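For reference, the structure I am asking about is given below.
For reference, chains read A, B, C and D in written order, and residue numbers begin at 1 within each chain.
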């Protein structure tokens, strides 16, 4: 299991008139979690795109447990349990500054050749990065 | 089964550098679908909020089939299959102007007393509106 | 003076915890106004991009007069007073369903060659469309 | 002159199909700049709202110099030159990780009594914080 953490400060723009973070902002929070998970692993979306590979989201699910509020300092945990192949699975846990779990979710991303617009296998270098990270973080 | 349709023109703001609608915009599209479903039924979120009832999203899932593009004229079909009780289930289908199915999803909403911050049963008038609509649209 | 009107229904996503439309959504409303102004004139951004021309915003100013609220049906008036040359000037007026003026603004857009990344003159066909429209709508 | 700096990592959600940050995201970046400026000064929007004071934006202007790109690490400089009274003026400068100036802007905010919905004078404690900060940062 590979776990990466990053923090996000809730913006006023992200609240709605219920006084909480609008539910539609969590996919963006997940994206930030994925971006930082890749960066901590040693790569970036930009590197993937420069290799001609896009990573569109194929499916996603979200569960809203408690609301996040303006100016909350959220921790996004991004979890990868398996080496990617045709698809890549991410899980997410969002906590506030008191350590309360607010939201959980998961998403599946595909690998697409930008040139051909067709699904491809995960690039070798990314498989290697995840294999290494999954081995290092051990057997839970 | 109660089905409501509404249309959305994709904004430039909603695209991303992949050249398609950013995946995190679909929850907002679903919200527009729900809003118009309630309006076509004879009520509004505002009426619910003025009665002291909020309808936060409890969970959601989305499946991305094909990308939407800038300036596409999308049709959002919002589908309700059951009269709401403690929770309300919505399903969504998003089509482009060629009738191609781009995205499907579903969400579950809770009814919350704004004053007490606690879950409540769906207000009677809303149950009646859905019961009537579900009977009228018949047995598919 | 060429004036185009379009309508936008305020989304829940666009409100903030003050209970009004978040101030940062008006640039998107202006974009919708511009898009529809071009469409009513007989062209689209897509057509411009397919000709290798991008239209980034160079500057913008906004004045917030009264707040817009959730579910308001806004009218965006987009006003062009001069035929574009190196730059194109748009003015905006945003009204709610009671005809109250909520917001005014203006923006200046440049024409950029997508291939070269350099400023260019407005494409001839767009100059012609505006010249015709400005003549037809007459002398105010 | 009081200057505060904060950093923002550009999200994929914030790009558009031109491949740059959508122009309508800068007001949100400015909001983050203001929020951190107040925090570094020793207060928060939340504290103001808990005192019954809202700070809506009355006007804003923006100048787009160069585009920001996905994953850029932006520095937002937020500048206050005068102690607030009925209104509060902020200026903004946005730089990328190479120190290139991308965007400048300014905004004017009002102080509103949330209870009465009327303009009020800036709360004393905020005037004091800015007076102190403006004196300390000295005469440039």
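Simple rule for what comes next: a residue touches a chain if its C-beta (ideal position, glycine included) is under 8 Å from a C-beta of that chain, and two chains touch if they have at least 3 such contacts.
What you are looking at is a predicted structure, and each value in this text was computed from that prediction instead of being measured.
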Matching chain pair for A-D (criterion: over half of the contact pairs shared, by residue number), options A-C, C-D or B-C: B-C
Pair of chains joined by more contacts [C-beta pairs], B-D or A-B: A-B
Geometric centre distance via CA averages, subunit D-subunit B, whole Å: 35
Rounded Å distance between subunit A and subunit B, as computed from the means of their C-alpha atoms: 25
Residues within subunit D bordering two or more other chains: 12-13, 18, 20, 24, 27-28, 31, 70
Of subunit A, residues touching subunit C in the complex: 12-13, 15-20, 22, 24, 70
Contacting residues of subunit B [partner subunit C, same complex]: 9, 11-13, 27-28, 31-32, 35, 44-46, 70-71
Sites on subunit C touched by subunit D in the complex: 18, 20, 23-28, 31, 54, 56-64, 67
